[in-house]
Structure formats: C-alpha cells, structure tokens
Amino acid sequence: MSKKFINDPELIVEEMIAGYVHAYQDRLTNLEGSHVILRKDQKKTGKVSVIIGNGSGHEPACIGFVGFNMLDANAYGGMFAAPSPDTLFDAIESTDQGAGICVLISNHAGDVINSKMAIDMAEDDDLVCKSVILYDDIASAPKDQPEERRGTAGTLFNYKITGSFAEEGHDLEAVCKMAEKVRDNTRTLTVATLPGTSPITGIPMFEIADDEVEIGMGVHGEAAAHNMKMDSSKAIAKVMTKKLLEDRPFVAGEKVAVLVNGCGQTTQMEMLIFYNDVREILEAAGIEVIKPAIGNFITTQEMGGIALAFCAMDDEMQKQWEKPTNAPGFAW
Amino acid sequence: MNAKMTKSCLLAVANMFEEKKEELSSYDAVIGDGDHGITMARGAKAARIKLVEMEESTCRDYFKTYGRTLVSTLGGAMGPLFGSIFLELSKAVKGKEVVDAKSFALGFENAMNKVMELGGAKPGDKTMVDAMATAVGAMNEAVAAGDSFVETLEKGAKGAKEGMEATIPMIASRGRSRYAEEKAIGHQDAGATSIAYLLETLTTALKEEISHE
Amino acid sequence: MSKKFINDPELIVEEMIAGYVHAYQDRLTNLEGSHVILRKDQKKTGKVSVIIGNGSGHEPACIGFVGFNMLDANAYGGMFAAPSPDTLFDAIESTDQGAGICVLISNHAGDVINSKMAIDMAEDDDLVCKSVILYDDIASAPKDQPEERRGTAGTLFNYKITGSFAEEGHDLEAVCKMAEKVRDNTRTLTVATLPGTSPITGIPMFEIADDEVEIGMGVHGEAAAHNMKMDSSKAIAKVMTKKLLEDRPFVAGEKVAVLVNGCGQTTQMEMLIFYNDVREILEAAGIEVIKPAIGNFITTQEMGGIALAFCAMDDEMQKQWEKPTNAPGFAW
Amino acid sequence: MNAKMTKSCLLAVANMFEEKKEELSSYDAVIGDGDHGITMARGAKAARIKLVEMEESTCRDYFKTYGRTLVSTLGGAMGPLFGSIFLELSKAVKGKEVVDAKSFALGFENAMNKVMELGGAKPGDKTMVDAMATAVGAMNEAVAAGDSFVETLEKGAKGAKEGMEATIPMIASRGRSRYAEEKAIGHQDAGATSIAYLLETLTTALKEEISHE
C-alpha cells in the first residue's frame, strides 16, 4: 500500500490544483473550464507571453513557475502526461497580449507532439506563436544530436531567464532567441539513488540495487543506461561535473550558474553539501560560480537523487536570472 | 462492417483496454514509466462513455469520436499517437456506409505514417510502429489477394503480433525506453503490444458480430 | 548503506554551511569562528534582533529563516543537537543592535538548557536579552500543561511574524509580547508515514508498519504514542483538523493561517491535496482561511509525513505574516 | 584518588564511552532518537583530546576540563546535563589534593540536583536522574558507614545499576522518550545506562590505578 496523502487516484490533479489555486489566490488563478494556471497580474499591454505545458507529478514544476518575471501560464496534463492540444491551445489563447506567444517545449515525445498540434490550432486562429524546443540532458543522446536530448531540470534556467527577459517588453523574436541562447548554454545530468512511487499504481517507478546509483535517470523515472556504486558526495560530484564540463564544454573564465535540483526526497542538507563539492571543482577549473538554485524544483515524486545543471551566462542572462520573482515554486 | 457493428467493435476494444490495464503497464514498467496500461484504460473509459452516449451514427463518426477523445483526454504521447489511428481510419471511411478490407487497410497505413510523422519513429525503433508496419504489410497482401474484411483483419492481427514479438530483442530509439539502451533488450514494447491487442480484438469482435447477424 | 550525498558524517554540518553561505552570499554570512548564520543587511540602528538556536538536520530550518523580515541570526548545533551555550552567546552578541535581543526557544530540553546558560552569560556581559519559549505540539502534553509541549513546525509562524514585526522597530517588550501572542494562538500536530534516515548512523530513525501512520511524531523522529491505519488524505485531514480545532479551540469567524509542512519526502502534490482537504473542513466550520504556507520547511531528514499547524491571527499578525522576506528557506 | 589517578580514570571513562557507542545508541533507538551513544562518544573523544593535551594539573581541573568540553562541544541536552556532573565534581574537590569518598559523594549529589534543576526531571521520570538518585543514596550510606573511596564508588556503581534497571518498566516524563508514552515500557533508559557505566568504569579504573601504586 502506497502511503501517499491522496484521495482518488483519478482526482489527484484536480484536487492538487484546487489546493494550489486557493493557496496562491493573491497572484494566480486557473483558467475557467480548462487546465491552465494563469497569473492574475497579466498586463495585456503588448507583452510577449511565455508559456509551457507539462505533465503533472513534478511539483512544484511547472505550475509553480507561473508568476511575475517567470512564466505567464502553465498548461498542465495528467500524471506524467503532456497536456492535450486543446489545453495548450487554451494557454496560448488566454495569455495572448497582442505581442505573440513564446511556447517553450521540454523535449519529450508527448510534449512535442501535443504542442505542435496546439500551435497549428492557434495559427489557424491567427494567433502569433513561436515554439522553442528545450533539451539539456546530456545522458539521452550524443552531443552531435542535441535535438535528440530530452528536456530535464536545466529547463528551469529557461523559465526564469526567458520569463524575466520577456517581462522587459522585448518582441517575440528576441524572446525566442533568448530561450534558444539559454538552452544552448545549459547542460544537465541526473543521478538517482531511490525510486519514487507512482501515485496511480502505488508501486516504485524503477528498481535499483542497494549500493548503486543510476546516472542519467529521466524526470519520469525512465531507466538510466548506466549504474555506478554509491559513493561520497565529492566522488559523485566529480564524475558528474566532469561529464557536464566536457560536453558543452564550459571553460575557465566563464560565468556559470549551478542548479542542484533535488528529485524529491533528497534533503537540503545533502544538496548543500553536494553544491559545495561542485562549486569547489568549478572554482578549481577557473570558472566563476554565480548565484545558484538549490532545492526541489522539478521532482519525480519522492525519487532520491540530484539533477545537476550548469548554465553559462553573459551579463544580460545573469541580470534576468537574478531578478526576483513571485512564482510560488521559485520565489527568491 | 456496418455502423452498428463498428460501434460494437469499438466498444469491445474499449473493454479490452480497460481489462488489460495491468498487463500493458507491466510491459512499460521494466523499460518505460509503467503507465501504458493505465493510459490506454483511461482513454478507453472516456471513449466508451462517449460512444455509449452517441446517437445512431456513421462508421466515420464512431472512429472519429474514439480518436478525438483520446487526443483531448489523454494528452501525453499516446493521446495524439493512438488517437491518430482512429482519426485516420475515420478519414478513410468518409462517406462510406460500411468499412471494408481496402478502406481499413488504407486507413491503417495512413495511421502508421501519421504516427511516424508525429513521433519521429520508424520501424526498428522498438515502438508501436513496429507492430503497425507488419500489420500494414499483412493487410495490404490480404487486400491484394482479395481476402474478406474478416480475413484481412485476422492477417493484420497476426502480422501485428509478429511485429510486437520482433520488438523483444531491439534497443529502443524512440519513446522513454530508449534511455534504457541495452537494458531494453529482452523486453517487449508496450505500445506494440497494444497494437496487436487492438487488431486481435477487432477481429474477434467482428467475427462475433457477424455470427449474430 | 545509506545513500545520502555526504562525505564524512563528522563534517556534515560544516560542509553544508560552507555550501549554504556560498549560495546565499548576497544576503547571508557565517559569523567568523562560530556556528552562527547572520544577515548581511543588519542595520545596527536600534532594532531588536530576533534569533533562534536549533539542531541541524531540519533544513531549510532554521538557517533558512535568517533574512529580512524574518530572523536576525540562527545559532546552529550538531545533527539534531541544540547548539552549545557559547554558540548561542555568539549569536546574541553579534546581533546586538542596541535595542535588545529576543531569543526564541523551541521547547526541547537541549534548546532550553543551553539557551538558559547562554542568556546567563549574555546578561553577565550587560546584553539585554529576553527569551520566549515556543510550544505548539498538541501531541506532547495535555492542554492544561502547555509549557510541557514541544516546539514543532508551527514555530515557523513565530519566526515570520515576530521577525517582520521587529523589523518595524518595536521595542524588546513589544517584540517578545508578539512572540508570545503568536505562540498562544498556534497549534500543531504531525503525522508520519515513513522514517527518515540518520545521516550519522545510516539507519532509519524509527520503525512503522507498512499500512500505518504515526500521529504525534516529533521533529527528531521521536516515537509517537498513537498509530492509525493509513487512510485517504481527507480522512487523515479530518482526524488531525478535529484535534487541532478542539485544542485551542479555533472557532467560527476567526482568521486562521494553515501551515502544511512536509517532513521531508512528502511531495508538493500531496501537500496541496491535503491542504485542499483541510481548508474545506475549516471553511465548513466557518473559519476564514488566509494565506497558507505549504512546503518542506522544518524537516526530519527524508521522513514521510505532514505537520499540520494552525495560527489564528488578528489584522496585525496577518500583516506581518504576509510581508515578503528574502530568507532563503521561506522566500515568498 | 590523586590528580594523576583522576586523569587516568577520566581517560578510562572517555575510552569506555567511545567503545559503548553502538550499545548506548541502541537503547536510545527504541524510544528516543537513537543517537545517545554517538553523542557520548563524540563528547568523550573531544574530552580525551583535551585531557591528553593538558599539562600536569589538579583533580579539579581535570574534572572541569571534561565538563567544559562536554558543554561546549556537545550542545543538545547531554552537553549541559552530562557536563554538569563533571563540573559539580570539579567544584566539590576545589582546593583538594585528592578526591575522597565524601567529596565525591557530595559532588555527585550536587550534580544530581543540577541535572534536575536544568532538565526539570525528578526520580521516576525514566531519565539519567533515576540512576543518579540510587547512586547518591548508596554513596551517602557508604560515606556514613566510613567506607573507603573505592568501596563507596563500588556501592555507587551498584546503586546506579539498580536505578538503571528500575527505568525499564517506567513511562518517561522527561526526554524524548516521554512522547512514546506506554511504548516506552519495557525499555531501559539510555542516559541512566550511561550513569551506570560511568560509575562502574570509575570503580574499575581506580582499582587498577591502586593496584599499580
């Protein structure tokens, strides 16, 4: 028996959203009759809106990233399932402020397919949309096939930076260019120690030996191709950092923001120790380590593990990254 | 297969997916995220309710309802991919009183192409496309040989089963299981299994319908 | 083998703090040579400072609650062990801004004893200190012995409200009165589903049957006296809410803020569903449900469970509660 | 017990607590948070290092160093509570060349009172106070009967052990185990066990020292 605080598995998303919208009613609302979280402070004054759709079960992502200086809307789907084209269309239509809509798509088959269909529908209704497909996970394809890589925790950099940038009033083309720039400078790798439990089936989402960790785990508990023996934080930080640095590559003299994203049950204590190990390695490599994000942002239920992401930034990106936001899942 | 029979056969498909919930999930569990059966059952339930509510209608509309319901209630990859099968079948029987071997085989081939276009998979990638491709091949042969609709469906089901079995030794290149790389070898693909069950169920349901005539 | 991201168990706190201070260097620092997290924006202009000491292992609590409109300092101890008198004395001395120091003490033997000793030392040095002992956990003693109750997650209301209130420049007596008022209007009850693992011993901190939950669990995994069968979120919400409402009691017409505090591995999804169930019960009881706090704030490593706390507020308290803060563990 | 012997005996105590780390934690695990042995070992290690570093000194200073180190490095409840035992013993032997039965018994009684004052526990609350109380009773009787220091310590150790065993059937009213309510019945209190081991170790270490004289 799974010990989750839920009622009917079929009502998980509905009840979660009811709680969420009540809790943040000062700033957010749910679009009547659809599955879209919206900001209450939308200006309707020619601002490009930045939206994303995603499956539920990763909370606070992505309902938690809607807010000032972040996303304009999140179209949420069922548990781990991308929202349908209709839902995404609703998000596009309802956030249209006359300056076009930048649709960020985290690269997973469901997200890509449904978004494509939604954008077709929107264009048919004369809405001006552009989509940017986000990929950051170096475990899912070789570096010469970036579009085959999936979107994982590093997409957070995009939600924040592109969202803050759009808030300044840039046009659609500039906003999409920023999203591409952030994507191209971001790399992520995830290590899992313990499976999360599916709230629908009540069973663990994968199996893993008692003394092993999986390197390259996906955000839905997709099996990773490689295991390593559990080791110290420092040792794991070393393996992961090396792979990430080599991939882009990130080099001495660059400014890099680190994301230490807990997958669900990994403690803040561990994330801080791990962050400390990572930033020592980066500093030793001559990299300037700027303001990091450390916490459970994009989770896979109560999975144990850490997604480590780096984003190399120029001054403009850093400015947007560091701006405050009132998005409930990322307020800082 | 007239409109009434189409409705009955689609209801049989929905019932089958609701029944196979656990089994289909188990195939997805090893190398995917373990929810395939749940997804298919959820879509089937929604489609069943819609079908039952429908006024007497055409073959085309029954297929279309099943497909649209999958697209709008399922989301995920399965909503558009599996939904497309029924939407393409619906297109292929547009303006027809009954579904025959030729229109079904053509619709199913179009569906396979749509799935490949949307999802980017080709045969050999360890997805539902593998079962669709062998089914399409078998049905086209049957149509060319002038087989009846039941015979064509039966051969399509057999072909799908072969395609499904052929996924066992594959490494996946599409879908969540591709991240498992070598670990995927030895496991049957969940989506391909659903295709095989879909055609098998249509065959038996149609035989049943015909025997009641 | 415990699968925590740590290095040497003896260095957990030190390395965690190194990571923390690096991550939030824009606003926080560690007092040289001691175990105290301090704000960088301290004004030294006659503001009463509000501080607390606590054992480590509950992150983000309480290092995470130091910031503008919240605490002035946190004296941190070893894993689950209150800081020593010297450490608390350092926190008192270093935050003295000439208007006195309000020392909040979460009611646990270690915290109380060490704080008492520290305050003796401070008074000996002519520092003006007042302590307020915080208790909120209704499971730990009957309601006619409130001082026997321990301090648990509901103390968060105090850190925020008293912290924001002090920021306005009130004198020491007024600040301590506010702390007492918040305490007296707060009640908490914790339900645990799964044990956390001690990062020191590597073993689970308690045992619990597969189909049971413990009602009344402490923040260090202290065994609870009562079990119940695992049930739906709604059913557990009903049991807990009833006990909390009756204890103070909270009555129709009052304004109440709800805290749904995850103990470590409970997902946001579950917390939001549970919050939705609780607020429905409160609303049905005629209570006005104001801005809640929902998240992992005061954790017991990766323990599964929820601490549910209510705080009845007047307009002044609500104003302070809702003010923004930049404390990393509670930014909103 | 002269200064040199005091230092040796305290080092024996530190070694014992480092060795009993797991055992003492296990008593705390069932009804507390399972760290008592770790805490005592950590304090013992810090105290041992301090003691070893010390120049030749007085009985009072050796006790004081052990006590101060516990207070400042342990934190938690044990820092001040266990630390107070050594600090009170230190006060009781102020200005004395050797520790005798009377000063030790008095210091230990003062320590018990200090622990009760700081922690708010009384005998019967299932804490270290239970073992201290029976030890104090036994040592005071021994002093009244004119027993030697070794005999007094021995009786104290025996008394402590009885007090420790008496905690088994108790419900706790202080310390973390009190929240376990009825569940605490049947388990021996960890802190009381430490008191028993403390006095037992002092006894054997002192006998050893005397035999070497």
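By letter and in written order, the chains are A, B, C and D; residue numbering begins at 1 in each of them.
Keep this in mind: contacts are C-beta pairs under 8 Å (C-beta built on N, C-alpha and C of every residue); 3 or more make two chains touch, one makes a residue touch a chain.
Note that this is a predicted model, so its numbers are computed, not measured.
Asker: Starting from the defined contact criterion, work out which chains touch chain A and chain B both, please.
Answerer: none
Asker: In terms of touching chains, how many steps apart are chain B and chain D, taking the shortest path?
Answerer: Counted as steps through touching chains, the separation is 3.
Asker: Chain A to chain C: how many Å between their CA centres?
Answerer: Chain centres of chain A and chain C, defined by C-alpha means, are spaced 29 Å apart.
Asker: Using mean CA coordinates as chain centres, what's the chain A-chain D distance in Å?
Answerer: Here the centre of chain D sits 54 Å away from the centre of chain A.
Asker: Could you give the separation in Å between the centres of chain C and chain D, each centre being the mean of its C-alpha atoms?
Answerer: Spacing between the chain centres: roughly 32 Å.
Asker: Could you list which residues of chain B touch at least two other chains?
Answerer: Correct list: empty.
Asker: Specify, in ascending order, the residues of chain C that touch 2 or more different other chains.
Answerer: none
Asker: Using the touch rule from the top, collect the residues of chain C that touch chain D in their complex.
Answerer: Interface residues on the chain C side: 55, 77-87, 108-110, 113-114, 116-117, 139-140, 150, 198, 200-201, 203, 205, 216, 218, 220-225.
Asker: Quick check: in the complex, which residue numbers of chain A touch chain C?
Answerer: 1, 3-7, 12, 15-20, 22-23, 26, 56-57, 59-60, 64, 193-194, 199, 210-211, 213, 230, 232-234, 236, 264-277, 279, 289, 291-292, 294, 296, 299, 301-302, 304, 306, 326, 328-329, 331-332
Asker: Residue numbers of chain D touching chain C in their complex, please.
Answerer: Against chain C, chain D makes touches at 25, 30-35, 38-39, 42, 71-81, 118-120, 174-183.
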